[in-house]
Structure formats: structure tokens, C-alpha cells
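Below: a set of structures, written as C-alpha cells.
Two complexes come next, and they have one chain in common, chain A, joined by chain B in the first and chain C in the second.
Here is the complex of A and B:
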């Protein structure tokens, strides 16, 4: 059967770890100093919901996802795509190339670039000083916003591509006749464009959000979750508990929660895609 | 924007109003021009924000005295590049990345092509649930699996091995690769392999001699895209590899600016450029062939 190699790989290295994840999340497994792990039931989850640091990282993850994925990448991607539909070819290709370049760059390089951009002696403060606006140490005062904007910089290209494809599929006659009927640009956007691309909006929001939920390297490179735990999203919290504090069982319980959220999103996504499989 | 003030009576937009082509000589042309100018201006502003960090990278890499601000170099130098072009800093990590991602990509595309074939060609009972499972797993946050993968790899002695890491990298990319591959394969008409069937070709020959060559650009896209994703992946090798000599560039660059007290920005920028160049070139290669990333965006959409 030609399908065997893929199935074996997926079972061994994906289904296996997920099943193992579901098992150790219910144990007190530690990295060191323990011969064998024992079953502790829901203790890890109870501990998580009572843990102020965990709740903090849930809130930060929500902020990070809302600001960078839903408000940032999604809206900016749609804006870019619709501006590109009207702009001159040269401006369109240069902008497209630069935005895609930010997307293709390795995650850690992007993290490093935006670290210098937001740092105290960095470019952003230079611009603010030029405009006579107060500068500050962004990575210290507003770390979660800095990493959120970094994620917008890095991830917008995907939304831009999805929306460019979606907008190009709208027949010209539809928008033109609306224009002839006297609909202004906002009315056309609200009553015609958005309803016609609503499936792309759904797909894009879903994929963006999932992508953003699991961002690790970008935040790790910029702030390592700090200062303190003020940019510690769930993946960073999970890593910190499992490795810095050696609590594999607890870290895995957090990972399992993240997986469950991802799985729920996946199910919604599958329903959106239903008729296409 | 300018169009809003010009929009006539709002009731026209509310219902299916009769068409009233308004003839206003000259105004149509100038309106499109104005719209184009506004769009260009908007794009240029966004472009400015996107380009600054990239400009910094280029300037700092050739600056004799780079700082964290974006500024034209005070003096041009190639020193930053020559300093990082050593076995320890650049060549070994890049070679490791190559081995790791090259072998993982090979595994991914082979397994994906084999799996996509029956999924695309036969309406077997398992096809639909299999595809749904694949689509489901493309959405799972792989980051969340890393801690249990680490624990599992310790138990089966795969931790800190190149082959173990590339197996996992290959698998993490596999669901999306199968999905993409199947979509491209659907575009090759079955009639073409039927000719091969009648000539007595096996399914494997039909796949390798007829289908894969015919879906050439699609196969290239899956390969290059998988490679780019793995090349940039930081978390997987960061977790699964320990020995410094085995680290790929994505992790070695991190130790570079993580541990040095004062960061050598110029050298780091130079290394970042060297490390990023292969994937940028590969992306240009596939996007040229497919008219921008639009096909990829379309494939993701379904």
C-alpha cells in the first residue's frame, strides 16, 4: 500500500506523542530526581487553574492572539490586498515582495530584527525622537505589544496572499454595477466584498489564530517571555515549567490544554471546509 | 476614500435600484487616478513600516560600526562577513541544517506523494476519513507536542540524534504536504495514466513516470515549501538536539546572541543574511514559476 510510509510516520511521531501527552499530563513526571512517575489524576489541571502564572499566560496568549492575529494580520492583510487591487503595478510588486520577504525569513532572524527595532537604542525610538514623541524601552514597558507587533510584521503576508486570491475571484461586473448604482467604497466593502469573501475570512482567521497560538521562537528570541513573565504566552510557560522547573507532567498538562484548543479550532475549520473534501 | 464624498443619494445602494449610468465627462478617469494614487500612498506607508527592520539588517551587515538603529553605514566593510565565515560559526551549522532539512524534506515528499496517489485516484472507503484526519492534524499546534516528544525521545534514545530530529521534522510537515500534494495531483487528468495502464505500467510507474512529471510545478512547490518551513524551524531542533556540533543554523544563531554579553550586531546581521539567503532564493524560484505565492494561498484555501 503506497499510503503506508506516511501512515507509519504519522502514527509513530505524531499520534504517538499526542497519546503520550494525554498520558503524562495525568502523572507527576519530572525531569530529574525521580525513579518513576505516578498517576495523579487531574492534579496538574487543578494546579494550573489555581496557578496565577498560568492564568497570566492564558491572558497574555489571548492578548497576543487577538492583537497580532485577529486585529493585526487579518485586517492588515485585507487592507494590503484591497489596496494592491487598485495600485500601480510597481508599488504593488515592491510592497508584495517586502511583505513576503518578512514572512519567508526564518523565525529566529525575524525575532532578532524586531528585537533591535523595539529595543531602547533601536529604530522605533529613533523615529519617535525625530517626531518629538516620548521614547521608551518597549521590550520592558510593553513586551506583549512588542511581540504582538513583531508577529504582525512576520505573519501578515499569509493573509495578504489569501485575500488577494479571494478578491481576484470577485467578478468585476458585480463591483462595477454597484458603483454605477452609486454605492460608496465603504458600502461596497460592507455589502459586496466582505460577504463574497466570507469563506476566505473564516479560513484565514482560523489558520492565523492557530499559527499564532503556537508561536514560540519569535517571542523566545525577543524577550524569552520576560521581563518577569510579562510576555510569557502558553507555549513559553509550558517550556518554562517542563524544563526550567523540571515539571514535565505539569508542562505537558498545559500542552494538552493547548492541543485541545487547537483541536477545537480544527473541528470548526473542518466544518468550514466540509463540502471540499 | 475620495469616492465617499462623491457618492450620491444613499438610497441607491440600499435596494436593487434601477441602473442610472450618470454621465459626467472627465470625472471617471480622474477618480480612478485619484483612487490609484491613494492606494499607492497607503501601500507606501505600510511598506515603510515593513522595510525598516530589513534595511537595518542590510546596513548593519556592512557597517564598520553598527548600532541598533537603522542608519546608512558609517563606513563600508566586508569584515562582518569574513569574521563569521568560519567552520564553527557558519559552515558547520549550515551543513547541519542542510542534512537535517534535506533528509526530512526527502522523507516528507516521498511519503506525501505515495499517500496522495490513492487519495487522489481511488474513491476507497478510507479516503474521506483519512483526508479529514490529515486536514485535522494540519491544524494541531505542533509546539504543544514538543514536551511529550522530548520525553518520548529520551525513552527511546532518539534524543540528540540527527535522524530522530529529521524524522520528527518530516512528520510535522507531512499532513500539510499530503494535503497540498493531493490537491495538485487532482489537477492531472486520469485519462493520461489510463494510457500508461493499457501499456502495462504498474501504479508505481504511473505515479513516477506520468503523474509526478505532469504535476511538476506542484511537486516543486510542495518540496520547496516543506524545505523552507523546516529550514526556519527553531523549536524542534532547539528541543531535540543538544550537542553544539549538531545544531542547525536556526539554533546556533540563537546561542550567538543569547550568550554573548555584548552582541556583535554586524556579525550577527551578516550571519542572519547568510542563513536566510537559501530560503529567500528558493521562494523566488517557486513564486516565479507560479505567479506569486497566490497558488499556495489558493491551495491552503482548499
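Here is the complex of A and C:
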């Protein structure tokens, strides 16, 4: 069987660790301070739902995903793609290169870059001062917004690529005949373009959301989840529990819950994609 | 789905991706796992690259060791990370025989926790045959003693804590240059005076929050808490952790006052993980900070061999003991900790690692470390050495604090209690929670961490 090696590898390297993780989530395993771990059933999950910090993280994760992925990356990506479709080759190449550079940077490097942009003595405040506008300590007063914008900056390229591809597949004749029939640009967008790229929108939203849910390095470099817990999304909360507090079992349980959140989003998107217009 | 748009960009993307991938691949490989002639030493490297006191010392020791023991190799693993990340990394390394170093540098606050996890190896057999052990003072010998009565680490020094203050700024603010505060209020009053008379200076630094980790708990909070009464964190008689105490709230209130009245550094700076380095290499030597509640080791950065040499520090900096809350006896507080050299349970070369400890703890090398690292000696022969006694001004002051110093309850759950303290501090520092709320949240966490082994005081 030609697929046997692939299956074995998958089981070994993917299913194995996942199963082990799922098992740890039901134990009280710690990184230090414990002779051996024992099985505790659903205790970790019960603890999570009773933990105000966990609930805070869930809310922040949803805000982060909504602002940076669904509203930010997705809309901006579509806008850029449609603008680029209509511009000259030169503008297209330059814009593409700039946006893609942000995307190929390793997450942690992007994190440090944006830290210097948003920090108190950073570029953004310099610009504001130059324009005689009041400066702000962005990472302190609006940390979740600062990291959301950072994620938009970093991740928009992906949506832009997806939508560029999708737009280029719309036959010219369709748009042209609509134009001849007297459809304005909004009408063309609403009745022709969006329905025709519906599947790409679904795919893009799903991939964006899943990627955004697991963003860690960016937030870690910029705020470490702070100040206080004001930008502590689920991945940061999970790290804090597992490694700062040494509660590996609890941290893993939170990771599983994060997986569930991702799965819920995916189900919603898949449903959207399946419906026929 | 096709994701290949604007043609002109794709070669760029591909080549960058290729470079990145190559970088990642070359980073792996190598290492000397299981070589019986090589020992691996892991220790923390400062987050500031200019600060290389410990790196240099370990490097020198390794070279001498290799010269003395032909055919043996020492592989040093400096871990450059914040305090908390160092701990995490080390624990992960010690979990597996593949990655476990042969010798590790452990903060004493962690040692019981790591012993309970089975990470460390008892050293009693080695210590029993080692003459130098008799020269260690009795508190130091218990620094790395576990609840099972065995020794798990060899301390190479200790430390004490007090108030450092800048005499020049004090003069400008009209404060005495031989400042000796008697109560917490005296400390706050001095800070308020600095704020008024020298508004461009930061009046007072008290470490706080999760960013600096254990420094917030020990240099910051416990220096306050242990001035509020007997056994304020852990009750030795009932062997239970203290919850709901007035002293705890008062200490949080002090932190809140410092940051609420803007007597401390800007909150975002205070909460940054590099704050500890910043105080010693920037704020103090550049004379931007008037009072620092900090450790005996600061001078090591200002020596010629340190990260920010500062020859004039001797004339500029004054030192005063940290007072108790209302001047209660004995009138001052200090906390002591220190680090030990330990051998992981999963080390493959424990005998050679022990040889290395002995090498670093020869009388000559022990003095060398105490001098270079600005350590308070834990051996009588080191404490009496003229080179040590003359190593830096202030060493007598900080050695004297040993008389009234306190040790943390270094029980297995202490690291988690410490994190809970840091969180309570961060809450009041940012203003996200009131003192009452932060204290309540600490009490709840404490119950959960200790499985209810708490007592109300």
C-alpha cells in the first residue's frame, strides 16, 4: 500500500502527540513541585470555567479574532486585492512586495518591530508629535487594540493573495455585461463579485480565524499579555498557566478548549460555504 | 484554491522563505549528548549583553578545568532569558535524559520544588568526603537541604537586601546624606520630597509585577511583608500558609502608594521584564533614580569588570537598611537567597560534574566568584579573606544585614505562591484592582495552590 508510510508517519507525529495532550489535560501534571501526576477527570475543565482569568481570556480572544481577523485582515485584504486588480503593474508589484514582506517576517520579529512602533518612545508617537497630536502609551492604554492592529498588519497579505487569485478568476465578460446593463460599482460588487468569490471568502475567513486564534509570539513580544491581564488571549493564558505557574495539566486543558473554539468557528464557516445562493 | 498572484513578487517570497528555512535547519544538530568526557553546564545569561560577569567566570573556570583534567571537556550552555523563562527552560531540559545538563545553577527558591519533581540528585555521598564543606556556615548548608534531610546543592554565595540611595539627588532635595529611615512613612516621605524638589528624577523603585518575576516578590513585596510581623507568609508552627493578613494588604497598599502617587518609575517601565537590568545599568549609574529597594549585588555591575563600570559610585551611592513598617524591633528587614550548583538526576556524568563543583569551590575560586559576582560569602575562609573584604565598598554594610535577614519558605509550592504575589502586585500597580480585590484574589489562589493548607492571621 503506497499510503502506508504516510499513515504511519501521521499517526506517529500528529495523532500521537495530540492523544498524549488530551491525556495530560485530564491529569494534574506540573512542571515542578510534584513527584508524579495523577488522573483528575474533568477537574481542569471545571477549574477553567470557574476561573475569572480564563473567562477574561476567552473574551479577549474573541475581540482579537473579530477585530484583527474578520474585520481587519479579511476586509482590508479584499479592498487591497480589488484596488490592485485595477492598478498598473508597477503599483501592483510594489504594493504586493511591501504587504508580503510583513507576512513572511517571522512572527517574533514582527512582534518586536511593532513593539518599537507602538511603544511609548516609538514611531507612532513620534509621528503624532510631529503632527501636533497628543501621544498615547498604546501598549499600556489599549493593549488589545495595539496587538490587533499588529496582527492586521502582519496577516493582511494572506487575504490579499487569496482574493487576488479569486478576483482574477471572474470572467471579464460577466463584469462587462453588467456594466453595459447599467450596474454601478456597488451593485457590481454586491451582486456579482461577492457571490462569485463566496467560496474564497469562506476559505479565507476560516484560515485567518484559525491562524489568529493561535497567535502567540506577536502578543508575547509586544505585551506579554499585560499590563495586568489586558491582552492575555487564550494562547498566552495557556502558556502562563503551563510554564510560568508550572501547571502543565491545566494549561493543556486550556489548549484543548482553544481547539474547541477553533472547531466551532470552522463549523460555522463550513456551513456558510455550503449554502447555495 | 490558487494563491499565486502578482508574478513579480513570488521569486522574492520564495528566496526569503528559502533563507529562513536554511537558517532554521542549520540551527539544529550538534551537541555532545552522552559523551563521558564532556560535562554540560547550564546557567542564566543576563538579558543585557554587556553584562557578562557570570559568563566570564564560568568560562574561566571551564578553561582551567580543561587544562587541569586532560581530555575532559566543558560545554557551557548560557541561557539568555528573563528570570522566569530561565526557570521554565531549565526545568524542561532536566525532564529528559537527552537534554539534561550535568551541572545547573539554581536559585534557592526553586530548589525544593525541583527536588520534589525528581530533577536533582542528592549530593550527600560527595559532600561527606569533602573537607571544604565544614567551612560553609550553617544557614548556607541548609539552603539546599530538602525536606528529606539530604543536600541537593552547593551554595556559592548569598545576598542581602536594603535601600540604595543617590546622595547627590538627596542633597539637591535637601535630604540628609546619611539617611536612615525608621518607618515605611519615612521612606515614602523622602520619595515625595524628591518628587517635589527634583522632579526630573524617579524618586523610588520597588520591583513589581510578573515581568521581573521573583525579583518583584523578593526584593519588592517580601522586603515589605517581613517588616509587618512574625512569619507573615508561612506560619512555621502550624506549617500552613498565611492568608487574609493585614500585613499583606498593608504591603500591597505601599506598592499602590508608590505607583499611584507616581513616586515610582512609569508603570509600563516598571512592568517590563528588563527592569532589573535597567535599574542597575541605566537608572542608577546615570543618576535618574533616587532610591532603589534592591540587592547587595548591584556593585558587581559597577566594578571595572562589570556591565556598566561606574568608578564614582562609591561617592554617589548611600546605603540604608530597609525599616520595618512602624519601626518595630529589630528595626530593619532583609531577605536572603542565593544560588547553588546542583547536579540533575538525569545527568550522565555526575562524578565529573562534582569535580567541577569542587574546582569552582576551591578556596581561591570561591573568593574569586564572591569578588566578581559581588556575593555575600557563605564560607568562613572566604569571609575572612582580605581580597573579599576589600572587594567593594558596601560589602561590610551588606554582610552586616545577615544578622537580621529572613529566608523565604522554600517549600515546593513557593514558586507558585511567588507568582500569585506578583499578580497581586501587578493588579494594584496598574490600578486594575484595589488592594482588597488583589488580596482576595491572592487568598483564593493560595488556597488552591496549597490544597487548603492555609491559616488566617
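List of remarks:
In the analysis below, the second predicted complex is superposed on the first by the 254 of 277 C-alpha atoms of A that agree within 3 Å, B and C clash if a C-alpha of one lies under 4 Å from a C-alpha of the other, contacts with A are read in each partner's own complex, and residues count from 1 in each chain.
Definition applied: a residue touches a chain if its C-beta (ideal position, glycine included) is under 8 Å from a C-beta of that chain, and two chains touch if they have at least 3 such contacts.
Please read these numbers as outputs of a predicted model, since none were measured by experiment.
Contacts of A:227 after superposition on the shared chain: chain C is touched, whereas chain B is not. With both structures placed on the common chain, the touch criterion links A:104 to chain B and to chain C. By the touch criterion defined above, A:203 reaches both chain B and chain C. In the superposition on chain A, contact of A:153 is made with chain B only, not with chain C.
Comparing chain B with chain C, the partner in contact with more residues of chain A is B.
In the superposition on chain A, A:92 makes contact with both chain B and chain C.
In the superposed model, A:165 lies in contact with both chain B and chain C.
By the touch criterion defined above, A:246 reaches chain C but does not reach chain B.
Shared contact residues of chain A with chain B and chain C: 84, 92, 96, 100, 104, 106, 161-162, 164-165, 168, 200, 203. Residues of chain B that touch chain A in their complex: 1, 3-4, 6-10, 12-13, 17, 19-22, 35-36, 38-40, 42-44, 46-47, 49-54, 56-57, 60, 67-70, 107, 110-112, 114-115, 117-119, 128, 130-132, 135-137, 139-152, 167-168, 170-172, 174-175, 178, 203-204, 207, 228, 231-235, 238, 249-250, 253-254, 257, 265, 268, 272, 275-276, 279-280, 283, 287, 292-294, 296-298, 300-302.
Remark: chain C residues 1-6, 8-9, 12-13, 16-17, 20, 84, 88, 91-92, 110, 113-114, 116-119, 209-211, 266-268, 271, 273, 412-413, 415-416, 419, 426-427, 430, 432-433 touch chain A in the complex. Partner chain B is touched in their complex by these residues of chain A: 1-7, 9-10, 12-14, 16-18, 20-21, 24, 29, 76, 79-80, 83-88, 91-92, 94-96, 98-102, 104-109, 112-114, 116-117, 119, 121-123, 126, 153, 157-158, 161-162, 164-166, 168, 177-178, 180-187, 191, 199-200, 203, 206-207, 210, 213-217, 220-221, 235, 238-239, 242, 248, 251-252, 255-256, 258-259, 261-263, 265-267, 269-270, 273, 276-277. Listed in rising order, the residues of chain A touching chain C in the complex are 30-35, 81, 84, 89, 92-93, 96-97, 100, 104, 106, 120, 137, 139-140, 160-162, 164-165, 168-169, 200, 203, 224, 226-230, 243-246.
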